[in-house]
Structure formats: structure tokens, C-alpha cells
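Have a look at this one before I ask anything.
Chain IDs A, B, C and D follow the sequence of writing; residue 1 opens each chain.
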Amino acid sequence: MTLRRISIFAVICLCSLGLLISCAEKPDMSGKVAELTKENAALKAQLAKLTEESAKPTGTYKVGAIFSATGRTSFLGDPEKKTAEMLAEQINAAGGINGRKLELIVYDTEGDATKANLHLKRLITKDKVSVVIGPSLSGTSLAVLPVAEENETPLISCAASYKIVHNEKTGKPYKWVFKTPQTDTMAVEAIYTHLAKRDLNKIAIVSVTSGFGASGRGELIRLAPTYGMKIVADEKYGPKDTDMTAQLTKIKGLSPQAIVNWSVGPTQVTVLRNYRDLGMDSIPFYQSHGFGSRKNIELAAGAAEGVYCPLGACNIAEMLTPYDTQYNVAMQYMKNYKAKYNEPLSSFGGHAWDALQMVAQALASVGDDKAKIRDYLEDNIKGFVGQHGVFTYSPDDHNGLTKDAFTMVIVKDGDWSRSS
Amino acid sequence: MVNHHPHFLFYGSGMEKITLASQLLQYLITGLTVGSIYAMVAVGFNIIYNVTEIINFAQGEFVMLGGLIMVFFHVTLGLPLILAFPATILLVTLAGVLLDRLAIRPIRQPSVLTLIIATIAASILIKGAAMFIWGKDPYDLPAFSGRNPINVLGAVIQPQYFWVIGFLIIIVIALSIFFDRTIIGKAMSACADNADAASLVGIDVKRMILLSFALSAGIGAVAGITVTPISLMEYDRGVMLAVKGFGAAILGGLGSFPGAILGGLIIGSIESFGAGLISSGYKDAFALIVLMVVLFFKPSGIFGDIEISRIKRF
Amino acid sequence: MLRIGKLPITIFAVLIIIFPWIADHISAIDHYPDIMVFAGIYCLIAMGLSLLMGYAGQISIGHAAFYGIGAYVSAILTVRYGLNPWTGMLAGMVVAAVVALLVGAPSLKLKGHYLAMATLAFGIIVYIIFNEETEWTGGPDGMSGIPGLSIFGFGFDSVEKYYYLVWGIVFIVFIFTINVIQSGTGRALRAIHSSEPAASAMGVDISRFKVIVFVYSAMLASLAGSLYAHYLNFINPSTFDLFFSIKLLIMIALGGMHSIWGAVIGSGLITFLSYEWLHYFGEFEVIVYGAILLLVTIFLPHGLVGVPGIVKGWLRR
Amino acid sequence: MDSVQKENILDVQKVAMVFGGLMALSNLNFQVKQGSIKAIIGPNGAGKTTLFNIITGSFPPTEGRVRFKGQSIEHLKAHQIADRGISRTFQTIELFDNMTVLENVMLGCHTRVRASFMASGFLLPQSRRKEKEIQDRAMKILKFIGLGDKFNDPADSLPLGEQKMLEIGRALASEPELICLDEPAAGLNETETHLASSLIKAINAKGVTVLLVEHDMKVVMNISDEIVVLNYGQKIAEGSPEDIRNNQRVVEAYLGSEA
């Protein structure tokens, strides 16, 4: 009995503990706040109390971001987070926007739908941000999409799936949701066009059983008829598998004219090696845009030679000529990123770059009113030159890219080179 | 880096159709290789289990550490294989010792669940630490003897496969000698049978437990070192390997070394044949379904001792 | 096992009722009810598990599967067949019960680590099915557009309303479970946990009780899954993976599995740690999490509900 | 010996038990008369406890039959046999040490009164009534075995003697017709032993048949109507205490086992 009473007491302590901890508003190390000095911490606390007050001129422009910075899908969120933080620093170093600092508040979803949902609500209701970029995954994006719509807060997703900007019921985009990455559709179109040009049409698909692989696979199957592609094999492997020889052996037995692999992380390198070991070199090998990091070429230890894949401008900046529209942005981004984090650029950081740049532009011209920002994005983002293409949003298109956003490249002498 | 495919004309054009026979052979080879890795992990589980009746869910992290530390010594520091290999094993063994000292031994009144949670906590910690040291990217290790595959009846074998299987055999032989011939080995098996009796005859059970952790950490390291050239290694690779290894240990019967080997090879082969012949999406499920069915008919695995399995309660 | 008096239960009820009001008046925690919704959902599963593990002494590392079954049955029936969410919820529990019966009957004959592995395998298999049966489950990208809950036109559409719905259910289940524990059934369960030979010699049909409890815990998990699906309006497989099953274990162990209160405390604590408090540590989150876990297992072998006992011990000295 | 005309409640026929090639019991035959006290004695490893485990259904015999009130029970599960009315205690005390004294006895009532999961969950009146009923009965038994005042103590806090008593009490709670006591006096001191044997007598007086394994010859000779002597899994003698006392083979067996 007494013991029970005490355990009840424990429950109470629990709640109060929670109280204490979050009252203690520690500035956190995740770089949750890019330019957060002690003063604005105090200021922030006050602002939290006064409701809509946060928008008054003395304040900062608050932009929220939710990426899968850690966990199994960190290969997406990590470069996005790094890019966004780098960009925010640069903007503030250059005196901010309209004389106000850009306050970037980043939360880590760990690729978990529940966390993404909670963090977005927190960004909107507590941190009172005026626009949010991310999440990194199609899954998490679809999970938080209703929240953005309900709270009428513009959200620029960094995930691929076209479902994010396509409401099945209305057939139009969701009002408050935009996205920067090329949809898998475009990557698939780029690959299929390339295959068709070489009149290869008997293909085998290999994909990883993660969200990334699955949605790519879906598009590959969906668009195959339109491009007259015949899929002879549709194999899968787990994101942590050690060896894909079995799958490839089966494919070898079906002797397709080309293999298309859709995956990210270490497996897309392993699969290449197994493909070499099995002596299937004469079958052209296509990777998804997920392959878009020189690191993968390195890791493949020569196995990547002659592999095709569709990439956005930022991955092939050096190959661009000053006449290419994206030359400047791409070069600059690549230089800065390498300088700051000294690691090769991955395909995904660019999505965050595009999203945050658009937001910055919107803030600069219409301030931090949510509705205004949303309208600006829809009406005024025309021919915006980003890392992954030239964006033109419209009421019917909240992705704003065409399939030319991808350039087909081939791996030659351990580096990308444009393929004919 | 090693040039990867200098002479692929050796097996002619890839378009030439591969016969079903050589396909099946290929599945077998792949299955046995992957299975050997699982087997090594399973053996690691058994060593600790035999002495402590603990299932060490951090076993997979030993494998991960083995791979990444080897990368550090061999690639980053450029130590020759012959030095990097023992150095790595030594370091991981140390990790094993620390695990026992810091996570297992301090626990008072340990229940099976508490111990499971403790090892899970440890694995979370180790994984986190690895993430800080090496980041989230995968790392590669040059294959011990090149990457030129060998052609056998239309199937191909990576030289590294021989290393994996070879090391498994070496480990098995070494262990059986250790447990049957050496005093310490016998002492350890004594603890396995009956810890109280063992301590009565003057065996320092605590030391034996420590030793068991060190030993299985070392074996985990070997698994990691040998598999990294095949599949690369990154900080969060451990969990899945641990699950597969645990499956192998259970399938073979906890505590039985031949069981662990058999279990590992079976699971590996089911995965590879399942992927090749039925559905690659469900290949992991096949292995697990077989495992469950076996347990339903033989509740203590293939070589398991029913009496041992009866002791446990949560 | 001492009887649980009326007083703590009343305090518990009062806490549940006034919490949103408190939170509403402290800006620092005014978003806590939202998190509490998930805490409540996990608490449902944890209570079933603590009955299974703490009282019947049977481990399960596969309950994420039942959680998922509840969520997916609800989602599929409502989204694909346009059924009423409550029907979906009920159907989910039925399906979960049947599956639990089919899996539990043979599995629960297994002992210790073998049972652990069987449940683990079951969990992973179900997870793979969620991923692979794309035309039903939507595959890894999951299912969106799952309708919210409403009854007679009254929609549980705000955080507060859903909070009261979830915690209302939690409280009912809590009382139900306590009654079971304090009845002959609970006694039989503790008997099984303490000594199976003695229990069976006293006429306790061990396998029957194990299966009953397994099914009960599965149904609770399924109920929780449905509540989750209809709250988030979206589900994808990664929510129901192996790591969640392990998280559930951690909740029970942390709270203390020999008392139903342990489930309540453990689930609450873990939920707030992982959704709220730990993110202050940013990248270090994982390490801090692991460290906390390890320290608790070392210093509080009986979980947080064991603290009073330890304190008493100190006072005696 | 007036119980001669009474029929047999337990009939062990040609029972044999083999553990991994080791013959624990072979071709064992004996009967227990309704309402009698029968003791099974024999040197360690004679197979006494094995016999108990077979009778109470821990495991089935390799060969032979066990008939209880005419029906063969050798292949029933332990809990089913308990339902039929055979109850037991254990040589190594098997109390539920995570429960109170009272709860231990209450669990004993399990065979007779049980409430369904749902009923107890929703605290239906019937389940409350049953719970009350069980409690009263358990208290009665506790008084009978002289632990009435300790009903709320944790079972494992009792001294050995009382734990043995409690185990007997728990066994009684299931209202058995046959109760199997495995060394009830083992490890007890003079007075406790005396208590135990008088308790057993009292139980028997209530009409409960008692089957007893015991090493303490004084107890055995005092209370039992009949005695079976086992050695190496075989019956070497059976009869009244007097017969056994002057049975040559028994003496040898014991001397042999001591030498």
C-alpha cells in the first residue's frame, strides 16, 4: 500500500521532472539553432508566451527544418542538415535578410514518422516558425503533410515521391506543401530515355527494400510500358545485406539487355561488385540518382567504371561550363561544402540548399507571413536556378522541375563524365 | 585500389546464358559464405551463453568494431595486414572485456531480462560511439588476396570467400582444442555445466565470464574483418548481424558449437536459395519461418539440450 | 503482492484529468499533451507486456508486430474499404487475437531465449510482410489519409480530445489489468512465474494461461496500433520494426516489470526521453540514451518502481 | 488394520521408468487403500520421488499404468491429475515465494474455484464472491495447520518447518482425496517432526488418503498403516510396519546402502 503511494509519487515526480527539464531551455548542441546567442534565447522564451507577437520586426526570421540527421536514413538527412546550417551561416554572415537574422531551427526525425509529426507541430506551435523545410523521406513527408495543411504553414519537402505534391482526391498539389527534389519519375524517365536511345528494352530491376528503393521500383514498373520497356526480372535486397550475388545470378540467367539498380548506402556498391564478379560486364548497368556521390565510386574500387546514372547539376559542377545556367550556384555550393565539411558532396544536400534558398528569397521579398510566403513560392518562383535544376512553381506544380533536371552521366576513370 | 576485373573475357561475354546447374552452385557458394559470417557470430553468442547463460545482444557490435578498427589500422594507418589483423582483434577483445566489467558485472541480482537489456544498452552505446569515431558512411577494406574472382563450373568465387570460410574452420578447430584440451577451456565448460560446483572446486567464475566475453569479442572481430572486404562496413551494421547470428545459434541449439555452425550455414543458404529461386523480397522471412517451424518441432534447436533450455525463466 | 489501494488509483485518475490543464498553463510544456497521447498509446502495449513478462514470465520481442497489425488492419479497412474506424479497430483486435493464438500456442511451449527468438522472428516476418505487400500496405512509403476517430458526430480532432480518449482507454485497461492481477488469474500467473511444477501440481493449466495472457497483450497492442493510425492519419512499416519491439522491452525493464505501475512509468519516461528531452543532446542523443539505460539496469535492477524499496533500505541503515 | 475391506484408491501396475538407459523404476506394483496412510521408504536413489512424479503427472511412465479410483491417469497432465483429486508436496520446497502465505494457500483452491479472465477483469460480482469464498477457505486451512496469524507474511520469510507445513496446507486447499507428501519431516527438529506427524494423522482422520515418502523411520513407523520398500527401483518388501521391521531384505538393503 505505502509502496504504491510512493510509486504514485514517482509518477508525479516524473511530470515535474519533465517540467523542469524543458523549462531549462538549454541551447542545444544539434545545431538546432544556427545563430542563437543567449539574448535571443531569453527573447525566445518571452516570445513563446506572447502568441503571434513573434513576428514583430525586432525578432528574427524563424525557419524550421526537420531532417533524418541520424538513424538508418542519415545518408539523406545528414548532408541536408549540414547544407542548411552552412547556408544559414552564410546568409547571416552577409547581414541576414532585410537586416534580420535567419534563425534556423533543426530537429532530427531519425526517419521516424511519429517524431517527424511531433517535431513539425512543435516547430509550428512552439517555435512559431513561418516556414519549414524537410522532412528528408517520402514516408515522413507524407506523415507530416496533414499537419502543415491544418496549421496552414508552408512546407518544402526534401523527399522524392510525387505523392507529396499530388493529392489523389483533387488531382492537384496540396495547398501548403512544396518539394525540391526531382521525383523518381524524372530519374526513371531520364534512364528510360537513355535506354530507349540505345534501343535496349529488355531490362532487369534490382532495388533495396527501403522507402527509397521501393518508390523508385514503383515508378520503374509504372513507366515501363510508356517507354516500351520489358521488365524480365524484379529483384530486391535488404539495406543491410552482405551479398547480392544470388539476386544477380538469377538476373544473369535471364540475360537482360540492361540492369537498373535503385538503392542508397553501401548496398549499391556491393551490388556493383557482385555484378563485376559474376562477369556481367557486357550488360549495361544503370544506378539511380542515389549513387550521386564520388564516395561511391571510390568505395566501388573500380567496379563503378562504365556505370550510368542520372544526376543533378550539383554533383557534376566541374563538368558544367560557365554557359550552363547552374554553373555558378553549383560550383559555389560544392566549394563551400567541401571547405566546411571536407567530404565529397552527396546528391541529397542540394535539396536542402534549393529549399532554403527559395525560403530566403521569399522572406526577403514578403517577410515572414506564412500565407504570403506560400503565395510567393507558388507565384514568384519562376526560373529559380537551384542545385538540382531550374524551378518553376505553379498552382498545378509544386515541384517545379522537368526531367532535364537530370543529366545522364557515366563513370569514367573514377569520375563522372557526361554521357552522350 | 586493386584493379577489379582485368580479364573478364576469361568467362566470356556476360550475355552467354548461365546454366541452371551453375546458378544453383552459385547460390550454394553465396549461401555458405554469408552463412559462415552468421556462424561466427553464433559461435560468439554460444561462448558467452555457455558460461553465463546471457545472450549478448552487443555481439553484432563486435563484428562492426572489428571491421571498422581494421579499416583504421590497415587503410588509415596503412599498417600491413599481418600487423593490423592481430592489433584489431586485440582492441575488440579489450572492448569485450570492458563490456563485461562495465555493463555485466556491476549488475546486482541479475535476471535474464535485466541482462538482455544491459547488453542492448551496451550495443546502443557502442553503436553511438562508432558513429562519432567513423561517422555514418560505409568503409571499404581491400580484399586480402585481390578481387579477381575464380570461375568454377560457371559459378564464380571471390578469393575473399575462401578467407571467410577458412577462418570459420580455423576458429572451430581452435575452440574445440581450447575447450577439450586446455585447463582453462575445461574450467570454462565446467562453469557452463554448473557455476556453483565450479566455484566450489576453486574455479574463479568471474574470471571465466570475463574470458568468455573477451573470447567472443575476438571471434566477432574476425568475422568483421573478413566480411568487410565483401560488404563494406558502417556503424549500424551490427544489429542485423546479431539477429541473424542469434537465429543461427538458436536454430543449432544454444550452447552447441556444431549447432551454431550448422545453423549459420543453413540460414545463409536458405536466404541465398530463397532469393534466387523464390522471392528476394521475402528471403529473410524464409529463413525465419524455417527457424520457427524447427523450434515448434524441436523446442531446443537441432543440437540443443532440452534440459538446458528448461532452466530459463524471465 | 500487496493489494493496490483505492488512493493511488484515484491520484492516477486525477493526474490524467488535470494534466492538460496544468500543461496549458505552463508555456514550457504546453505541447506535452501531444506527446502524452503517444505515451498513452505505448502505455497500453506496455501494460499487456508487463502482464505477460512480469507476471507470466514469458518474454516477447515481437509485439511491434501486433501493434502494426492493429494499425494496418484499421488503415486498410478504413482507407481501402471505407469502413468505420471503430470497426477497423475492433477487426484489428480480432485479427491480432487470432494471430496471437496461432503463434502463441506453439511458441509459448518454448522456454527462455528460444521463446525470445521465436517472437523476434515473428516480429521481423510481419515487418517484412508490411514492406512487401505493397498493394495492400503501400509498402515502405506507408499509407496516408487514414481518417480520424469520431463518435455520433463528435470528432476526436484536437490534441486534448484525443488525449482524453487515449488516456480514458488506458485507465480502463489499467483497472481491468489490476483486477486480473489481483484475482485468481493473477495468482495463477505469478505461480507460473515462481514455480511451474508446483503451479501445475496445484491444478494450474500453464499453457492455457500463457496463451490467454499472450492473446490479451496482443489485443492491447493492436488497440494501441489502431489509436496510433487514426491519430497520425499515416502509418509506414518502420514504425513497427524490431527496434520498436526492443523499445517496448526497455520501457518494461526501466519501469520495473513486476508491477503494472512499472509499465505506466516506463512507457511515459521512454516516450518523453526519446520524443522530447533527449533531443537537447542532439547528436549525442543515442549515447545518452544508452548510458541512461545501462545505469538504470545496473543500479535499479527492479526498475523505477524498485526505487522506494531501495530508499527504505537506505533509511534503515 | 480394519481398512482391509476398503477398495483401493490408487493402483500402480507394472510401472517402469527409464531415464536415458538408466532404469529408475522397474515392474513396480502396489495399491493404496482408501483412507489409509501408506509410506514409501528406501535408500536414496531408490526411485521414490520418481514414483511421485509419475503418480502426479510430472512425466508419464515408460511402461505400466497408474489407476486412480479405477481410471488410468498415467498419461494425464499434472494439472488434470490435480483436478481429479491428487495433490502433492515437494521434497525441495516449491512454495510461490513471490506471494504471501495466504495467497499460496489460495492458489491451492485453484482446482475447485476459478473465475474467468474476463469476469475477474471486469470485477463481476460472481468473481468477487468466489474470491471471498477462496479467502475464507484458505484462512480455515491456515488455522488448521497453525499458520493463521502469519497469513500476510511473504512465503519465503517463514522458517523451514513452517514452509513445509504451508506446502501441506497448500496441497490440502485443493481438497484432494489422495495427498502425496515427499519427505514432510526432512530437516525438521524433534518438536517440528512431532507436529508434522500429528498433522498428517489429522489430515488422514478427515478421510484423506495419504501417500508418504519419508526417511525418518520413527515418523514412518508411527503413522503409516502400510509400507512399501523400494531399492534400486524395485519393490523389495510391502506390509505393515511390524512386517517391515523384521524383514531381512529391508535390513540388508539399508545396511548395504550404508556400507
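Methods note: a contact is a pair of C-beta atoms (placed from the backbone, for glycine too) under 8 Å apart; a residue touches a chain by one contact, two chains touch by 3 or more.
Quick caveat: nothing in here was measured; it's all calculated off a predicted structure.
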Which chains contact both chain C and chain D? none
Quick one: which chain's Cα centre is the longest way from chain A's? D
Quick check for you: compute each chain's CA centroid and the global CA centroid, then name the chain with the smallest gap between them. C
What's the distance between the Cα centroids of chain B and chain C, rounded to whole Å? 32
Quick one: chain A and chain D, Cα centre-to-centre, how many Å? 72
Can you work out the whole-Å distance between the CA centroids of chain A and chain B? 35
At least two partner chains per residue is the criterion; list those residues in chain A. 70, 72, 209
Where chain C touches two or more other chains at once, the residues are 131-132, 193, 283-284, 286
On chain D, where are the residues touching two or more other chains? none
Could you please write down every pair of chains that are in touch? A-B, A-C, B-C, C-D
Touching chain C in the complex, chain D uses residues 56-58, 77-79, 82-83, 87-88, 90, 94-100, 103, 106-108, 110-111, 113-115, 117, 120-123, 127, 130-131, 134, 170-171, 174
How about chain C: which of its residues touch chain B in the complex? 53, 57-59, 106-107, 109-114, 116-118, 120-122, 124-125, 128-129, 131-132, 193, 196, 242-243, 246, 249-250, 252-253, 257, 283-284, 286-287, 289-291, 293-294, 297-298, 301-302
Of all residues in chain C, those that touch chain D in their complex: 1, 176-177, 179-180, 183-188, 190-191, 193-195, 197-206, 212, 216, 258
Any idea which chain A residues touch chain C in the complex? 1, 3-8, 10-12, 14-15, 18-19, 21-23, 25-26, 28-32, 48-49, 69-70, 72, 107-108, 111-115, 117-118, 121-122, 125-126, 138-139, 142-143, 145-146, 161, 163, 168, 209-211, 213-215, 218
Over in the complex, which chain B residues touch chain C? Could you list them? 49, 55, 102-103, 106-114, 116-118, 120-122, 124-125, 127-129, 131-132, 239, 243, 246-247, 250, 254, 281-282, 284-285, 288-289, 291-292, 295-296, 299-301, 304, 309-314
